[in-house]
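Structure provided below as structure tokens; questions to follow.
Lettered A, B, C, D and E in written order, each chain numbered from 1.
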Amino acid sequence: MAVTDQAQTAVPRPATGAPARRPLRVFRNLASKIAAIPMVLTALVIFVGCTLWTVVYSFTRSGMLPRLQFVGLDQYERLWSTPKWLVSIQNLAIYGICAMVLTLVLGFLLAALLDRKIRGEDVFRTIILYPFALSFIVTGLVWQWLLNPDYGIQNVVRSLGWESFEFNPLYNPDLVIFGLLIAGIWHGTGLSMCIMLAGLRGIDEDIWKASRVEGIPTWKTYLFVIIPMMRPVFVTCLVLIASGIIKLYDLVVAQTGGGPGGSSEVPAKYVMDSMFGAQNLGQGFAASSMMLLSVIIILIPWAYLEYGGKKRV
Amino acid sequence: MSNPADLASIAAIDAVKTRTGGVGLLEGPRGARPRRAFSRSNIFIYGTLILVSVYYLLPLWVMVMTSLKGMPEIRTGNIFAPPMEITFEPWVKAWAEACTGINCDGLSRGFWNSVFILVPSVLISIAVASVNGYALANWKFKGSEVFFTILILGAFIPYQVMIYPIAILLGKIGLFGSLWGLVLVHTIFGMPILTLLFRNYFTSVPQELFKAARVDGAGFWGIFFRIMLPMSLPIFVVAVILQVTGIWNDFLFGVIYSNNERYPMTVQLNNIVNSVQGVKEYNVNMAATLLTGLVPLVIYFASGKLFVRGIAAGAVKG
Amino acid sequence: MLAPNSSVSIRDLSLQFGAVQVLQNLNLDIGDGEFLVLLGSSGCGKSTLLNCIAGLLEPTDGQIHIKGRNVTWLEPSERGIGMVFQSYALYPQMTVRGNLSFGLKNARVPKADIDQRIARAAKILQIEPLLDRKPAQLSGGQRQRVAIGRALVRDVDVFLFDEPLSNLDAKLRADLRVEIKRLHHNLTNTMIYVTHDQVEAMTLADRIAIMKGGQIMQLGSPDEIYNRPQNKYVADFIGSPAMNFIEGHYEKGRFRANDLDIALDGYRLAAPQVADRPAILGIRPEHVATGAMINAAPIHGEVAVELVEPMGADTLVWATLAGKPFRIRMDGQARLAPGDRLPIGLDPAKASLFDAKTEERL
Amino acid sequence: MLAPNSSVSIRDLSLQFGAVQVLQNLNLDIGDGEFLVLLGSSGCGKSTLLNCIAGLLEPTDGQIHIKGRNVTWLEPSERGIGMVFQSYALYPQMTVRGNLSFGLKNARVPKADIDQRIARAAKILQIEPLLDRKPAQLSGGQRQRVAIGRALVRDVDVFLFDEPLSNLDAKLRADLRVEIKRLHHNLTNTMIYVTHDQVEAMTLADRIAIMKGGQIMQLGSPDEIYNRPQNKYVADFIGSPAMNFIEGHYEKGRFRANDLDIALDGYRLAAPQVADRPAILGIRPEHVATGAMINAAPIHGEVAVELVEPMGADTLVWATLAGKPFRIRMDGQARLAPGDRLPIGLDPAKASLFDAKTEERL
Amino acid sequence: VELEVSHWWTSGGEANAVSKFAEALNATGTHTWVDNAIAGGGDTARPIMISRILGGDPMDAFQFNHGRQAEELMEAGLLLDLTDVAEAEGWKDLVNPPSLLDACTIEGRVYCAPVNIHSWQWMWLNNKVYTDLGLTVPTTWQEFVDTADEVRAAGKIPLALGGQPWQSSGAFQVMAIALAGKEPWLAVYQDHDESVVNGPEFTAVFEAAAQARELARGSNVQEWQQATNLVITGEAAGQIMGDWAQGDFAMANMVAGQDYTCLPGLGVNEIISTGGDAFYFPKQDDPEVEAAQKELASLLVSPDVQVSFNLAKGSLPVRGDVDLADANDCMKKGLEILAAGNTVPDTNMLVTPDTSQQINDLMTEFWATDMSATDAQARFAEIIANAE
């Protein structure tokens, strides 16, 4: 129970109709609200509006041009009975999981190596980061060439005398997705390495000292102490990587064109092919709606945990 | 060492030394532990890094080497071998002679277009995103977090999904095909990640600074321009780098939402690379690719440390 | 209907963050020219209250009046307040002069006027040679002075300080404390000062408001708070080493606990009539008489020494009384060892008695 | 040639960071079971020295011996030391039990043994109920206890503490201080404790090493350091409020400054013969006698009160003596106002005299 | 008036051909040709063109493949009605075969100007590969298959095939029309009769395709030009590709009949399809531009332009009344077949892009994997059954 000094503070409230009136809610923070208009418009008109538009038209039989002729779930039925879509999904899953794991693991390993107070850190970091400056188109082209069995690595190794050397992922339907992966990892690891490096730099020096005093080997410290501490950094990385993976398109087009035999198709390419190649917007919209749905299924819980949850703590 | 105070303190130390029993060194190790330059851990660390560097540099090496070779050498030779005869012809061809349809002026035409697209797009997208991030970090209002979440979700939507609706929207507001339409598109698609970065950065700026400025009577814009902006160099560096590379490398929006006179360099690059006749002219393609990638590459090579620092400030504190 | 002569009045102020009630129906009147210190442990809502007064936080309910004006909905800059923050919050990219003039420029004060005010503030705070440096080139104490200067130039009615010294080291803290006190003497502005350091509170304040959980536990002069704490919380909070508490019973002017039985002669009860009840007796370690002083104390005894903490000027002795640990502050020259028996004297007039249930002063 | 019975010996230790000489030819012997406190202002090299002892930093030159072994080139884990950090440095994702057992598991201590050691440490530190919580669910004090526990379970010879309490609030700090003292009593390990808080140093230490600029200014018991500071730096550094210094001249057993002329009877000079020279007289504020105590002091005088700082238990009075500000610590109940004249008494036996040039004790 | 024209003709021969149009337009003196080329083929260029039209900033003319690709644009009224030009110039009588104009016509209104005829049904063989091995150059598909083992044994690829989907399905439909014949082919592609797909003719086609697949193993290239280049350099013996391939043979200074052989209809069934390109003219507000567009339309079909353009492009003119004296052997063969009326419409005119995409997907998978002929046949039947 509080004991405020009754004699001093228990003065009755001033009469109503106080001089300064409580201003209207809408007008408070007005500048901020005005400044946020672009964001609000983008969020509502583009991200929500366009998405809804797409979802609505996915129930129509739009061909080359959007057309409000509803056909129920036909587009979705066809989507899920199209082998190419199924292959795309499967490819995205394989690529996505591998890329996420590899990018995180490699990014972390490289960051950890660079964090060991080494000489030439700047040089190594720049080398690892520079591919991120290049577009996926360039990445795809270069790696297409490097992996071309007649010109690239296979040819070079064979010409060195190892005749039976076989490294030809781009023309092997079972391996082509890994050929893409090599290029994708090359392009994207740098950024996650950079983020992880920043994260590692943020770890309290004393933690390292404590584990050294206890005689814990470096690798164990990384595994049991540092990595668990870097959870938020991993989450940031994951979001960036995941948003890139979903959009995987340019790389495929440039590197394999979906081949050989459609074995490296991905959903975004399916969408593009349907919308522009087949001039069947409805089908493309259905496919993109499915992509969105899966993103939302993955993201909503995450967004809730990261942003919604934090606010309440 | 003529400072008497120094002498005094040395005398003091000597006195202390005798008191504490400074009796000199004993047998055995002293000083720093001697280090072998080729300790196992060093071999592992540098070995791995060098191996990884090879993987990362290989494509660049091949691109540069190929772009300096003549076609006959490419057909017969090893792609990794340095050119026996260096020729800059592919570069010249890529820059000034390669044909697109009936225009044969190579990439040069696209370069300035790219610059004209790049500058306003980068400026405006960063300006808008930084103000958004600032509003979200310091001037939260009801629903601001909701919009932010939508924005972040938006980062996951494949661009292709929005090509048509945005084309229709731009057509409706009469910006289709104009430079400003393109700027608008870049601003929209750059917004999620940039806003996230800026929001995180401004959140990490001490709140007290912001409060002090409010007490000093600065308003929304006053605080932004006078207090926040001068402090935000690292995050602006990151934003500029991300946007410059993103916008410079963009093909899809550049080709769809601008028109013929304004096609960026990437469109020319695509035209050169995809205009095949017989054997691909790999050397020209590589030269063209390198020329196109030059701007972002230079920016990356020049700003390495700032980038890491900015990332640390903007991404990690998320 | 404001208290006459009050500079800042807070009426029924409440503030919630989501579900957390940080301030609860708080009322406070601060006189013109008064130096009020808000003291309380971390998280009790001191900064929140100060931010409400400054207009940096919007209260959920209640009103704030400054100099008779209802400023509840005014912008911070319109309230006639200046604020000094714990982390200095200097604008890092501006020079000291820039920092001082920023607020004035915002208010469109004429250039000549600005220069003059800066000169005056710089003189008062002795930061004239620093005017063209950037904050990074200043020491902690200098930065804090600039931060004060920033409030000073704006010629405000009320100064708000949020733990302005807690980032400084002990020596500097002591020096700046004295300077702030001098400043208050010279300027005679109203000052509201948040701290959780009781030495600061005791030395600076005209009145201290002790806060806990968003409420004011006691408002009074340092002397009152130290000598007549309203409740056990305040008694425990103020004083270092902390007050000794002995649980027992109040019975007709006597206090009993285990083997202890003390006549409370000389103790001023808060109410004329106090019924018998479980009670807690509080005795400050420095009010336990030892050595020659024992004779002056009405009650005598002897305790066994358990631990001796020499603290330079003083020595803190840990002993046991009525089965509970009992701290005694002695002179720094005292030579004692654990196990020694120490004769002590107590003075009920300097003790405090609390109801065991409500923990209110009896 | 190690000092007999010494637990940690440091020989001619030097450490440079690039061009910065952080430790300079430092020698130190710490006895078995001794509690040594390294005290000094920020940046003087305390942590650096501690890290050298722990093996976390490599000295540029010199040797470190622990328990008679030359450990200069050994890994931290092989030195038989345990370390407690200011920021706790607990592994955040492990439970308390995990934190305590991680090092042991790594050293392949048998499971049963681990459990037993954890139980013992938990008992000593009273953290038994917390064993299955994560660090985030603990309060600052509890975290610090776990950090100590982590050193405790490893059964080491030497405990190193780097400002273990400075992240805690005043009350908790006082409590944990006592606990650490108790721990030392019970365990009788050697402890080296870094702090910049003199109260901690005075209460905890068997011996204190006062550091400045990578060198040890004085090494001695708290009593020695407080009463017979070796030089002006130590004298000024130790004691709060700080010692009063009066600049003047030493002349044949007398001290003269302005209108002041004091016979230094009872003052123990460091050397039998001291030539006349400029000197500085230091008098601690708490050694200035007032009130009834004046009579016991050999030298009497009177000063004018300028400022009064009540601090609860004490009151600090600012006056002028020999033209310089002069602080006097009085009882908390003293009632004085600026302008009052205050009679005082001084005792040369409790004063310190320094050479004005070398600042060494005379 | 400046007319911005979009197309995806960016390779050497193509660009050369376009320049004939440009020259012709510029020669009018009043109009200028603004070239807007987008490389990467129709799949890259089409979305750009369509979105520009949708966005309200259309180019003045654009090229599409002849057929149903622009159907919806016509229906949506986004394209300029050329009926008056067509009537004035008598396109109806000129254009040969008439199916070309039919594809431009909806409800009696003409919306596009056909400019050339391309046919798919060709096989190109490198003579030197065979003579080096002491073989005679095959003259039919069967001979080609019979000699394939020896070609393979010599370390060469019998059949070059690029990895792009349209090449796979193109090769297939060429084999279909050659091996199954015109009637079953039309039944499938035009009438979407899946029972024919399951019939014996197509079973044979699928089996042959499975065989051809083996012959194509090892051609690790994407673009058709690269595949053609394999034939030109003698790394591969032959290729099934449309008549546009001969532009590349010509560029390599090879002479038809001497250095290389072309087999229309795979030497089995000399029928050619009449695909090709047409120009479309999005509606513009400016009447002046509209007049210029119409002028360009008539120019594109005019005899002189037709000759110069088609010689450069290696394609056949859309009107029967012009004389291609400079045509080479292969082109002449084509003209003869055309004159004989042994034509079928191009698949693009018969199936929607949607269906064609599905066929592409199926074929690319079939050619690149080990999918059995019967599986492919079953899936093909399904696609045909669902085709609109």
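Note that a contact is a pair of C-beta atoms (placed from the backbone, for glycine too) under 8 Å apart; a residue touches a chain by one contact, two chains touch by 3 or more.
Bear in mind that the values here come from a model prediction, so they are computed numbers and not experimental data.
K.L.:
Component check with subunit A excluded and positions unchanged: what groups of chains do you get?
P.N.:
Ignoring subunit A, the remaining chains still form one piece.
K.L.:
What pair of chains is linked by the most C-beta contacts?
P.N.:
A-B
K.L.:
Suppose each chain is reduced to the average of its Cα coordinates; what separation in Å results between subunit C and subunit E?
P.N.:
From the centre of subunit C to the centre of subunit E is 90 Å.
K.L.:
Centre to centre, by mean C-alpha position, how many angstrom separate subunit A and subunit D?
P.N.:
53
K.L.:
Could you tell me the distance, in whole angstrom, between the mean C-alpha positions of subunit A and subunit B?
P.N.:
17
K.L.:
Between subunit B and subunit E, what is the separation of their C-alpha centroids in Å?
P.N.:
44
K.L.:
Residues touching two or more other chains, restricted to subunit B: which are they?
P.N.:
Only 163-164, 168, 270, 273 qualify.
K.L.:
What positions in subunit A touch 2 or more of the other chains?
P.N.:
272, 275
K.L.:
If you look at subunit D, which of its residues touch at least two other chains?
P.N.:
none
K.L.:
Once bound in the complex, which stretches of subunit D touch subunit C?
P.N.:
Interface residues on the subunit D side: 41-42, 169-171, 174, 177-178, 181-182, 196-199, 202-203, 222-223, 226, 238-242, 284, 286, 307, 309-313, 316, 318, 329, 332.
K.L.:
For subunit A, which residues count as touching subunit E in their complex?
P.N.:
63-65, 82-84, 148-150, 168, 170-171, 173, 256-263, 272-280, 283
K.L.:
Quick one: which bits of subunit D touch subunit A in the complex? Just the residue numbers, please.
P.N.:
My answer: residues 51, 54-56, 75-78, 81-83, 85-89, 91-94, 102-103, 106-107, 150, 154.
K.L.:
What part of subunit B is in contact with subunit E in the complex they form?
P.N.:
Checking each residue of subunit B against subunit E gives 99-103, 163-164, 167-168, 170-172, 174, 176-177, 255-257, 259-260, 267, 270-280.
K.L.:
Which residues, counting only subunit B, touch subunit D once they are in their complex?
P.N.:
Residues of subunit B touching subunit D: 4-5, 8-9, 11-13, 15-17, 19-33.
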